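Heads up, the next two complexes both have chain A, just with different partners, chain B and then chain C.
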Partner chain A sequence: MKILLVDDEEKFISSLAERLEIRGIDSDWATCGDEAISKVKENSYDVAVLDIKMPGLSGLELKGKLETIDEKLKFIFVTGHGSEEDYVAGCKEGCFYIIKPFKIDDLVEKLKETMAF
Partner chain B sequence: MNKELEKFCFQGLSFFGRTNRMISHEFKNIFAIISETLGLLDELMAMSESGAKLPPGKLKSLSESVLEEIGRANEVARNMNAFAHSVDECAFEVDVNQVVELMINISKFSSASKNINIHFNKKSSCMIYTVPFFLENLIYQLIDFSMLHPGDDHKLEISVEKKNQHVEMIFFGIDKNLSEPFPPKPIKSIAQALLVKIFQPISGVIHMVVPDHIEA
Partner chain C sequence: MKKFFSIFIQKIKPRFLEPHPRETASPSLFNYKSFWIGSINLLTIVTVVPLFILSMINLNLTREAINKENSLRTIRLTSNARRTVTFFLKERLDAMRFVLQNERLETLKDPEDLASILESLQIGFGSTLDLGVLDESGLQINYVGPFDLTGKSYTDRKWFKECVKNGSSVSDVFLGYRQIPHTIISVKSEVNNSFVILRATLDIKKFVQILSSIDLSEKSDAFIVNREGYLQTPSKYYGNIFEKVTIPLPEYSESSRVFTFEDQSGRKVMAGYAFIEDSPYILMLVKQSTDIMQSWFAVRKEIIFFFILSAVVLFLIILRITTFMVNKVYEADQTRLDAMERLAQSSRLISIGRLAAGVAHEINNPLAIINENAGLIKDLFVYKKQYEPGHRLMGLIDTVLESVDRCGQITRQLLAFARDFKPKIQSLHINKIVSEVLIFLKKEAVYRDIKIDVDIPEDLPVIHSDHGSLQQIFLNLINNAFQAMEDGGHLEIKAARKNENQILVSVKDDGCGISEEEQKKIFEPFYTSKGTKGGTGLGLSITFGLVKKLDGEIYLESKPGQGAKFSIILPLRPKGDNQDENLTG
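Take a look at the complex of A and B:
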């Protein structure tokens, strides 16, 4: 499984990527929408884990752009808000949704469920 | 309560709620970083105990990262505390410079602000007697408006200067071709309550005159 993590908090995703690598999950990361778009154009990922609130392109907007590049790409949304509004938005997109801070095993579980979906 | 007053009160509560939401979001980001960093530290130590070699300096950089985030959380809490104290009383004397700095710091928690570089030209102390919570709301709304309508270089500059019986506040770096009416209603109503004059933006610059004393 190869995943792309997208979040403007660099320290958060770099540590998260390293922990996923320890668990045998090939992980790459980007700190903004434009960087994520470039990476998806150049590489093949199974799942993109997107922060909903980011400067520039939001996670929801980014999903739309990434889908046009790789229609097989699956998504999980991450947010620090945990608001009803974000939950509804994530569900509308038919995606899993996880609230920061989370346990890494919960993310791994969501990644497996997303792959099997 | 009449409809206009009801709307005005709700606008204040909405500002308070929005600010708290942004602050709690910032705390969640900090907790997430600390949680992932400590999780990684724990896993690396377990690997080390099993005989794996740790990259040199790795433990130090991870512990420094946690300390930086604690410093960041402390700064957020300090701003939150200052903001909460602005409603201790309805009206009191404040330094406009401090209010602007606080609102810049709080607006930095908004994701939109990360694309905008905000610069504050602080001059001498600008003490005024006003309703601090309304002044915060007004300045925050103007920063927010400026971030939503930035000029080409995405740089917002704010200057504050004490004049005879007022304070002059200027916002530079707004879109020179604003297509919507200015000021928007929420900004207009708070400005009226504070007896603040806001002039139509000219060449991407908003001028504002804040009286140095109002009867609350």
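Take a look at the complex of A and C:
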């Protein structure tokens, strides 16, 4: 399984990627939407874990763009905000929705479930 | 009677005098006490004062009427007595005129004939003591009676002069030779360019008899005075015969009249008087005011009694009505204040919730960084061989991760508290929801030996509400009760229909209870009584918010050491629900 983590918090995303790597999940990361788009264009990922609220492209907008590049790509949303809009958006997209901070095992579980679909 | 009195006291006792359960003093629209007292005073004035004025007018009118009636009665009595006295004198004067007209002078000069005439007069009219004939010089030329008065001259006597002048006269009463009160009446008759006068002495016993026959009360008096005010007959209260009376003499009047004066003792007295025609006499009839006003006093007593009775009845009615009205205003005001208080609390909670949500969001990102970095350190120690996993270091990292997890829980609950979700309305059975919630807590209940009694009737109506919200509400409340109870505690969950549109669900524990001070803050976010036990202080705030969103109400009854009972009133259908669950689902 190869995943792409996208979050504007570099210190968060880099550590998370490393922890997933330790757990045998091939992880790459990007700190903004544009970087994520170019990475998806260059590589093939199974799941993209997107932060909903980011400067520039939001997680939801980014999902739309990434889908056009790789239609097989699956998504999980993470957010520090538990607002209704985020929740509804996440549900509408048919994706898992995780609120920060979360346990790494929870994310791993959600990744496996996403892959299983 | 005692019961009736106590009920009446309850009815007139204003409710605002009792302490209100609301601890915090909220501003009130009215000063109820002064409003109540002012209303009572005003109503009492506008009702009792006119009643008082009417009673006074009535009293005055009655007094005037009684006074008038008394005056008329006195005048009537006086007139009757005057008529009798006048008739008495006139009858005798006329009899004497008849004698003078019909008897020859020689007959009058003859003692035997005169004695015969006296006898006839005594038989016919009585009261005649003697009879005398006077010539024009005032010399008594013939006399019959108990004394030898023939040849006595009466030239200088007042009665003689008056008789010469007026043709007849009646003298003042005097003692004379007889030493008994008597009066002289005389008539004149012209004879051959001269005149003779026939005089007679009258006993005044007849006067006294006439006066005593007047229907008078004990304190009244009737007597005759002459024009100078000397008593001609005895008086009960105003002196002996021949003494001057101590009352003012009235002015001359042809008719009978009354006048009032104050006697020597300062008492008000009413006197009826009548001047007796062709005589120096004034007939007087005197009544004491206490006597006159006897009937007035009785009427006054009755009027005052009815005034006091009416005033008391009016006052009690005013008291009852005013208390009722002020109670209504008070209750309306209290309801308004309660609503305002609840609104203020809700607004406060919403504001705090929004603020908390903002803070939570901002904290979640750095928390995530701490979480991942601390997690990475732990991973490195665990998975990478180049790092020595020191026991102390691992413990410290675990503490950091646990703290992050705890902070995460807090921020998640904060976010849930502030989340403005739209309830998904569907038909629900309360007992099913409670059962679902109890599944989560069953193990803990068994482990801690907590007895749970659920009393939810089978026929409890289906409620249209949000499933998730209700689950969370009951989970929070039951969880809260578990935390409050010691091991072996007892939890009761009851539900019942409250009215046509609402059901009531209560969660009651026998735990440590909540003090009044704590109750005021219990629904505020971050308020926790669990101390270091790990409560976030958000459970009841979230519950409060959820219940409000479902158009319900939540109440707490508790006393320290006696457990706590949370009661939730939920509508069978939320406001705005158009009864079609599919539309809202």
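Rule of thumb we're sticking to: the second predicted complex is superposed on the first by the 117 of 117 C-alpha atoms of A that agree within 3 Å, B and C clash if a C-alpha of one lies under 4 Å from a C-alpha of the other, contacts with A are read in each partner's own complex, and residues count from 1 in each chain.
Here is the rule we use: a contact is a pair of C-beta atoms (placed from the backbone, for glycine too) under 8 Å apart; a residue touches a chain by one contact, two chains touch by 3 or more.
What you are looking at is a predicted structure, and each value in this text was computed from that prediction instead of being measured.
Going by the contact rule set out at the top, does A:55 touch chain B (first), chain C (second), both, or neither?
In the superposition, A:55 touches chain B alone.
Is A:18 in contact with chain B, with chain C, with both, or with neither (first, second, both, neither)?
The answer is both, since A:18 touches chain B and chain C.
Just chain B (first), just chain C (second), both, or neither: which does A:115 touch?
Neither partner.
One more residue to check, A:69. First (chain B), second (chain C), both or neither?
neither
By the touch definition above, which chain A residues appear in both interfaces, chain B in one complex and chain C in the other?
In the superposed arrangement, which is not itself an observed complex, chain A uses residues 9, 11-12, 15-16, 18-19, 22, 80-82, 100-102, 104 for both chain B and chain C.
Which of the residues in chain C end up touching chain A in this complex?
Going by the criterion above, the answer is residues 357, 360-362, 364-365, 367-373, 375-376, 379-380, 383-384, 404-405, 407-408, 412, 415-416, 419-422.
Write out the stretch or stretches of chain A touching chain C in their complex.
Chain A reaches chain C through residues 9, 11-12, 15-16, 18-19, 22, 80-84, 87, 99-104.
List the residues on chain B that touch chain A in their complex, please.
21, 25, 28-29, 31-37, 39-40, 43, 47, 62, 65, 69, 111-115
For the complex, which residues does chain A have touching chain B?
Residues 8-9, 11-12, 15-16, 18-19, 22, 53-56, 58, 80-82, 100-102, 104 of chain A touch chain B in their complex.
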